[in-house]
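Following: one structure in structure tokens, then a few remarks.
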């Protein structure tokens, strides 16, 4: 039986760790919130007092953390505190599923490589529903051997496992995809509202564009106009789903990447501005398809 | 045998009229360019000396013209010249497949209705290849009865026939779709180039995004990055396909519509600016996926 | 004593006509709202029952109307109704101070010229305060002789009289200026808020930028951040001044012009999108510097 | 006689150090390029073998370096190498005139403060001409006492000395200003070209807007349209002035700042995209007013 240390048991990490237990892994868990640990212990996990303790003598480490600074701090440590790289064995495969900037991912991967340890970036998409159902998509930055070795663990948590390239490539591919998603969502919203403003039924317009050259994921799975599709956030007052604040975070990562490479992403940059303004008006915790609202004529005045 | 008058025999209209002949219609043709008429006559059409002459005593009229002013002038006539509405019988169904502004389409439809004649807007997508193959998409603004009556003719030229709503709705749906297409193309281009700037293989990145939430028509059918897909314009130096100048025209129609309804389309407006700048640098006759080029680092200096 | 017919006595036209009276012109007035006529009559004007009646036997006609369609209808007339061009003498100088699209202005100017009458476009800036104080700016599209002849009238209402070029040029210059103004306002707002978000005092930042290369009219006269300047709308809850809805109208005219000439104005197009969204959220009647609000973090949630 | 160490003797730093010599300071200089040192020695400076050597026993240190990483490395040092903070006395005032990110500036200022040393950020504007003439603008982030103490040195190199706020505020104000400048330049360019596309004389249009609500620094000092003003880069094939690559750098700093504070700067972000695309087409070394070119119709095809 293979052993996994799982660190970071939030809305995503908790169900992911649970799926590892269901798949038969022995799982040692750690989180800063004791209650989060307790939930996993009740499902068969072993509690650890620290991340370091969890990561000792395991086959795999999986981390699910909020941002690059947490990942760097945990793996690299600092003057007062050892990092995971200081204590794991060379046989342990380190898998970070956080969505962070590619530079941080590369930095940790290189530091690991210098010690003969393999660290791969494997950010996910699919949301909390996908985490619970074990149908997440993993986009990996890894060597061929690291990618192969990670399969057993990732398959227990996800349905699609992609190999984007070497260290950091998983993060780059994830943010390229999510930047494009924001563009699709904003662009589809304004097209649907333009049609509505000219008297078209958004359901009819959606049906036409979906099978035409305007076809895209948001029309297939996540229509932003209320009551065009059922069982999506737009038909539930934009509750649930993927929060505006998280899209702002991902768009921020995309712009950080564009700055580093002196790239231009005019559509993505504009989408970020629209999403930041939307968040600043108090919509940060609504679903990201609520960007549709900025195009609709409010019934004020 | 039903009779069709076909007016406007350009790159699109010519092959469309030819498909009507193949489907067994008697076709009377007119174009300002005699050579264009001659090509159709050789395929079995009857030449007409004027548009008016062509439209007399036919079951259907199909027009394929450059812009709203041509459509209005042809159907409504003016002080010196009769319009089609002055001479066709009430049994003739008028089908305009030009891509024009919705206001002009509505104006002609209403003028026709006042005389008891039915005029429907039925703009197409699918390009010259679709016109030749008879696989065009028609997006119709029409009454239910008009839409039903048009089926026989439209099926002879296209594969998908949509009913978007009442008069003008076909034009609105078409430009909403094409505006969204421009957004998809620009957004996908910048996402692919951002990935490339960070060392990713655009083929791998395309494969990942295509089945993820960034999935859209351009990744499926028309990848803008050279040599990711074969048999698309990007792999043929952006020759063929749908010209930048035509996308500029359609984006112009979308912005005209947005002005009329006081709607905002920030992504579409930005896409128009990028396409206009691209056209002004001398790229008007290249395929519209060549917008990819503006994101690439030129090997100048 | 020279005679002027003044047609359109709204918030701008009323005070402008009053200034003509003060300057010693005999003024015949017409408006669709009887109360507006009455106010001018009390100041010494002569009431007319129709616009046609007002314009008979005068040296000058000045019109101040909402949009191009009103200007065209008044001057050109239609099947049922004569237009001003049908009744004024060749010695009458026609001055339209409405802000309308340049095409309509040119159309009327050319129709007038065919009858040997001179029509000039002379849109204004300076707002209701400038109209009352007689300090408006007029931007004229006119022949040299027409421009010269208009001086007497325009000087009675304004402080700066510019000659932008031939017929229509006044309208073009006006909308270029107002589009740029919207860009300055939005750009200055976001720069000030970025500074605030990093702890800077907006007053200090304004003082620095005002004398540096970021210097522009909004920092000099119309700071959008509350309480940086007194006596501007931003320090009065964005009441008074130039309404968002009017800026949306002018930005619409600029985009209409850009469509006609196949020009790209990415900054102006983006400013229009931001202003339309702002208007749609219920801010149409607030001052246009309230665009600052979209960048500020709301105290909701 | 007060002593200054000047580190970084490039196009800006060289003439700045020369002005300190002219003002009577004893100047110790260091640069990685020996020839740059030699030029200053010929004007009376003392050569130093290292930056550390230059900074020993001086009243002031002035640094002029390319980016935040160089500033951090020089002042903070690293495992192998001491930093300036390790060797300067508490009486030495450290002045960094580089344009860098505010976070780096704050980091060094705080590290200095912990040792009882004062470090102020004092980025400049005014270009190489201003550096030579001693008419630079300095925008300072400093305590009141530090700002006061720096006057003697800054006055020897500049004409306007601003106090933007505490540590880092100089950098923030500088990038807010330069972001706004890019917006002014792009917005003015597109407004002028829109006018030209409608037949207006850009000189006349510039004269009108300059004294109207579109008035801004670029119309006063730096018109981007060729031959409207003489003695500006646009009338000299966009040679000289402030390079596109430097504007791209400053716009990058503004976007980095916007990411840190979760601010939205839609106009600045769009300006950055336009400038990056322009640089990528091979215009990086032309003056930044050459952005005008992207709006002009090329005489290709």
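Order of writing sets the chain letters: A, B, C and D. Residues in each chain are counted from 1.
Note that in this section a residue touches a chain if its C-beta (ideal position, glycine included) is under 8 Å from a C-beta of that chain, and two chains touch if they have at least 3 such contacts.
Predicted model only: the values in this text are computed from it and were never measured.
Among the pairs C-D and A-D, the greater number of C-beta contacts is found at C-D. Chain centre most remote from that of chain C: A (centre = mean of CA atoms).
With each centre defined as the average position of its C-alpha atoms, the distance from chain A to chain D rounds to 38 Å. Centre-to-centre separation of chain A and chain C, using mean CA positions: 50 Å. Shared interface positions of chain B, i.e. residues touching 2 or more other chains, are given as 262-266, 270, 274, 277, 280, 295. Residues of chain B that touch chain D in their complex: 270, 277, 280-282, 284-285, 294-298, 300-301. Of all the residues in chain A, the ones that touch chain B in their complex are 102, 125, 137, 139, 160, 162-166, 168-169, 172-173, 176-181, 183-184, 186-188, 190-195, 197-201, 204-205, 207-209, 211-217, 220-222, 254, 257-258, 260-268, 270-271, 274, 295. Remark: chain D residues 248, 252, 255-256, 259, 262-266, 269-270, 272-274, 276-277, 279-280 touch chain A in the complex.
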